[in-house]
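Two complexes, one shared chain (chain A), two partners (chain B, chain C).
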Partner chain A sequence: MNNSLKELQENLLHLPPTDPKRRAAAIPAMQALQAELGCLDDAAIERIAQITGLSTTEAEELATFYSLIYRRPVGRHIVRICDSVCCSMRGADQLLIAAEKYIRTPLGTVTPNGALTVLPGICLGLCDKAPAALVDGEALGPLNNVSLEALLQRILQEN
Partner chain B sequence: MEALLTRYLDPVAPLNLVAYQATGGYRGLTAAFDLKPEKIIDIVEAANLRGRGGAGFPCGLKWRLRGADAPSPRYLICNLDESEPGTFKDRYLLYGSPHQIIEAIIVSAFALQVERAFIFVRGEYAKGGNALNQAIQEAETAGLLGTNIGGSGFNLQIEAHLSGGRYICGEETAQINAIEGRRPNPRPKIPRPSTHGLWGQPTTSNNVETLINVPHILLNGADWFRDLGVNGGCGSKLFCVSGKVQHPGLFELPCGTPARELIFEYAGGLDEGRTLLGFLPGGASTAFLLPEHLDVPMDFDPMAEAGSRLGTGSIIVLDDATCPVKVTLNLMRFFARESCGFCTPCRDGLPYLVQILTSISSGEGQADDLELLDELSTTIASQSFCAFAPGAVMPLVSSLKCFHEHYEHHVTAGHCRFDKTVKDKT
Partner chain C sequence: MGTFLIDGHVIPFKPGDNILRAALEANIQIPHFCYHAALGSLGACRLCAVEINSKDSGKAPRVAMACLEPSEDGLEVSVSAIAAQQIRQHVIEFLMINHPHDCPICDEGGECHLQDMTVACGPPYRRYRGRKRTFLNQDLGPLIHHEMNRCITCYRCTRFYQDYALGNDLGAMRLRNEVYFGRFQDGPLENPFAGNLVEVCPTGVFTDAIFRQRFARVWDLKTAPSICPHCSVGCNTLPGARDGTLRRVRNRAHPELNRWFICDRGRYGHQYSEHSTRPLAPRVSGADTSYHDALTAAALQIKLAQNRIGGFGSAREDMEGNAMLQALLNKLGGVFTAFCDPELETATIAAVSALQNIGNAPSLADIEQIDAALIIGDLTAHAPMIDLALRQAYRKGAKLALLHSSPTLLAQFATTAISVSPREVYTRLSRLCELVNIESIANDMTEAPMADIVASLMGARNSLLIGAIETLTAYEVFALEKLATTLGSDTRLAYAFPGANAYGAALLSSAGNASTMLEAVENGKIRILIVAGNDPLGDSRFGSRWRAACHNLSALIVLDCISTVTAKAADILFPVAAWTERSGTFINYEGRSQGFSSVFHRSEYLPSVAEVITNLGQYLGRSLPDAESVLCDIFSDFQTPKPGTTGSLITVPALTMPITASIHSIQKSCNSTWQAALASWYGDEALASFASGLMALTPETVALIEPTSAVNAGLENGSQVKLHGPAGSMVLPVRLNQGVATGTIAIARNVLVQLGVGHGDSLELEQVL
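Take a look at the complex of A and B:
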């Protein structure tokens, strides 16, 4: 965790491709590369394969399995609104509809100015703050339509 | 009850090493180093500390079964991949007191004579993971991690692994695959991780809440720990209460505290004028219980006898203004989405259940759909590879029983009585 890509490369590239340390670095390497690029494009997947000794297919298989590894472009800011049971009972379904309407961009895609992606997410472990969201990793809740729109507006105007 | 597990928590400014030590932290480590590893396992076994991640397996027995003569290298995994809907206790531990977690891991690793431990941190808890890494570095600098810790001759390295984010990674063997950099499908249960875990070596996995009890048990004794519980329960327990209550939150109370106390005293009860329809006692993958179960002790065996599970001890409350069909549909959507996709009954069966439930929920269901849901649930649970699908259908099967009239109403009237926008069939 918190490994830079450069450190990972230095520690791994001299090891044989079958060394278990290389495979075990797949997710940290993806997280490090994603921190640089925003999302992992095909070239990034190739690079992960090179660092970890995995085949491109294996790297792709891992990347697409995880919900926090992005294979498609995302905005500079990511708002993940929880849509699981406690948040849903407290109005998350309406929040997701309101968010999509407000940003006039489908969930999971990037706003035209590149600032924002809003995603529905599984339970974020914020049930005591329901309905809740993670805004660039920071917990926020309980939200209502007004506070959510203020948040989205602030993000959209910042960029 | 005096706060035990939440004593050191400060989510705004977690204690650094010096402050944690000043308030009594790392005393459990000193106590551990005065004991022989097998004696620690004896004490934990005598304390009847049961796994807090959901399964309730006795921690001391798990440690004993791995065997003192297990071949090296051996590994310990602290499971902090909390993703069960309704559960947020481990988040408080991570963000509130990372040194408490590190101390617990050192003590447990010493008991197990493990020299390399992993903390598997939920991807969404990345900020807490950063604080944890800082705390690990502090502990390393202070000589609490590394070689010959405190002159004991014991060596330990702790690594935090930040998950890429999937519910299944909380499953013991899927988590092992995830740490190894493999696709996190659950593995066959034989051979067991205790003999063939991480990289084929003996591996012990415990939930973080389970582990943080251990230093306290060593400091105060097994009898003291057992006596902390009420109504037959042992020890202190972190309970979460959320859903339709006035003050959702985390409450540390004696294990065995009934749900009535948690919901109505600690979580402030329901909204004005509302009555309790039912509740999930231990997170999303447990069976619904009814108001008649409010006085059942929140403990492993009594919950099983009532037809549910203590699970993570996370109560999700439904009031009489909540449609239980809609809630169940939400739960099943969650499980269908989070299935790892490895085995067909789970991968294809859960979306099939969602499809039927969606139809019922929107007033398009048929009378025989209810029987079909029940039958499919049994087939999916019995034919799937791991414990995910049996857990996934638990709320559905119990929901069909507990709230049968609501399902009947959707099917016969063609609408949800809570949603007037759905047109009546008649």
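Take a look at the complex of A and C:
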């Protein structure tokens, strides 16, 4: 996250076009570009492809695989509720439904005020705190309907 | 080599074989999806579950994936064990949760691996009643139809496309139960082997979009073993026809040539036989007539011309057609050749003679095993499957070197790629030969790439030199042979010949006959010309001379299954059967003679070339023996190869190869700065050019020029230039391209024809302001 895209590009400049380090720079380049743009649109994927020497399809494969790379606009705050096995067994699916109802915005989209996006997330490794969530990069859990609503309310009212 | 047991059957295995591979080789079926003999094991589908008994009698048997479990001597494996059966049933039930119940309208139905496996292992009913996961499909171009909802995530498509065919525009997107196989955005798949996705996919995600236009259930298709007519590799194919029309072509495995895959030209080029312009009724002086009248008219013309006759066979015509035409001409005292371009004639004959001297060309399976190659020209266009074989060699670490005049797809995998103008190729090859003989190469930077090529060829245990005949002259063919001889016995030599039967046609032709024929027509010594499957009037270099010379003829008699320039100009036209509508023999680039059989008959009466010539002989009162006896007279131990077998190498007397001084005369006489080079692509072939689906992918018509040469001439990307050749001129936009040689303009075949220039000929360029 620390590298700016410009720095990355300068570092790659002296490498031959087939150097494997170019491909290896794809994720840092995406993170840097996402820090600038908020999310990666098609033009951004094309730019990543150009910088790294990957094809646009290869860049898209990476961008859509990693759940912290966003291909659609996201809110200023992101709540990722884990719905993998442990969390799912401890009620994550109900939490997701409750969250969607509470913020009146479908999962994966931005609330009208631009403040919040709620996403289902893959395993956070917080099975001991299931059902868990990642709120702007910070781990929380175990959650229940009450604590989740309080959290969402706080975020929505912040702005 | 050892053995293990599957449910009591003894299964032999080779070292490194997994259980599944060994079982399939021994014809024991273990259900599977993601395993593919060419793509290997992945363990993604979990279907090939088997139970393995522990050698330690105290331990309980365990269930393992057969594709990931190495074979071991004495292993006891059970496919029928209840535990394994249950896992397979669960896997199928799980896959069928999202798979649509659309078999009745699915193109894959009847040859669907998922259907077979579900019937074999799955539960008979679906318990799941929830919503299915759905996707939006992509437009993948005119050849492949996309239906993502049917996907079972076996990853065979990307493993073939990215890992095997080395394409980079089809990938696996997203994650969890939403994995999506497609492109970044809509658009035709770019890889020349993309059509194999249709066969690789175990269900109906990728289906044949051309077949879909006139679909038939696969069990209703008439099939028979055939040979691909679209290049000299001779891939084995299985065309399918219904109601007197050809619907599709699929791969038919040959153990040494195309094992699992064919190229898109082979798969989609077949549409030529259904093209709306295809001649289907005999024509005399522009009017449709019967075969009887056409034969009477032809015989009358030949008699009137008092046998002043010549005939063109063709590199795409089978052995039988060529040999019968030659036999008829021999009886009438006429001239025969299979090539209308004298340079192509000499180069092809030179190549056959070079292979006779040095040993046969390696098969595709052998090419995959080489560890260094020198490639002259664009193989993707002239022999696509050799390109695919070289991609496999590259994956195993082979070093590829290229000498090319126009852009070529293999350049991206080459260790060394040198772009050289067509006329410089000979010098480069001679220099490589010298460098092999020099002990230490001077530390001259300009020669470093050449020295690299020599070093990689000399360091290889198993190397290959290969050139595309269509862009080589006989001199270069011999220079490549000399290089092979100099490098020694570890080096194999191969040529991509200009047609499915070019090797065989060269055996029947003699060098110099093409020029003799042209001159004889020009000065009126030949009054009748029989053209069987050839297109002298549409030739790039000699077309304009032929078009003028044809006015001297009293009759131009054409036999063809496509509407070429020559066929359109014919006085008497005999439409003939396409390759799927008749049987015959092709000799491929290795000299392997392979038979193909008639798959179906159309409602129209369409004889083969050999049949028309036999009939013509009868109308002339000269009965000819049958094609097999004619071929036996020429090649002493010739046996018509049985379709569906692997074919055998043809044994023939050595060709004598006189090199005439005339070969380079056209090039030497000009002093222009620019040379023309053929810019080819994988769909560029006489028959395939009538395949509308494939032709929709034709690259834009431009003049490709190397950036520095362009700057020196004051040109930039997008500039309009007027190119002048002996036959005409044409205005084209300039595209800068690093893959073109200095001082060379790479242009498509149709542009070469319009200008009247061949590969390596001089060209005038004028900037249009």
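Observations on the structure shown:
Everything that follows uses one rule, which is that the second predicted complex is superposed on the first by the 157 of 159 C-alpha atoms of A that agree within 3 Å, B and C clash if a C-alpha of one lies under 4 Å from a C-alpha of the other, contacts with A are read in each partner's own complex, and residues count from 1 in each chain.
By our rule, a contact is a pair of C-beta atoms (placed from the backbone, for glycine too) under 8 Å apart; a residue touches a chain by one contact, two chains touch by 3 or more.
Every value quoted in this text rests on a predicted model; they were computed, and no experiment measured them.
Taken together in the superposed arrangement on chain A, chain B and chain C clash.
Between chain B and chain C, the partner in contact with more residues of chain A is B.
When the two structures are aligned on the shared chain, A:T52 is found in touch with chain B, with no touch to chain C.
Touch criterion met: A:L68 reaches chain B, while chain C stays clear of it. When the two structures are aligned on the shared chain, A:E7 is found in touch with neither chain B nor chain C. In the superposition on chain A, A:A130 contacts chain B only, with no contact to chain C. Residue contacts after overlaying the shared chain place A:E158 against neither chain B nor chain C.
In the superposition on chain A, A:I122 makes contact with both chain B and chain C. By the document's definition of touching, of the two partners only chain C reaches A:E60; chain B does not.
In the superposed three-chain arrangement, chain C is struck by just one stretch of chain B from 134-142, 152-160 or 368-376, namely 368-376. Counting contacts as defined above, chain A residues 54, 61, 65, 67, 122 meet chain B in one complex and chain C in the other. Against chain B, the residues of chain A that register as touching in their complex are 1-2, 20, 22-28, 30-31, 52, 54, 61-62, 65-69, 80, 83-86, 88-89, 121-130, 134, 137-138. Across the complex, chain A is touched by residues 168-176, 180, 183-185 of chain C. Residues of chain B that touch chain A in their complex: 82-88, 90-91, 121-127, 129-130, 133, 159-167, 178-184, 199, 240, 242-244, 248-250, 284, 314, 316, 318, 322, 327, 330-331, 334, 337-338, 340. Those residues of chain A that touch chain C in the complex are listed here as 42, 45, 54-61, 64-65, 67, 122.
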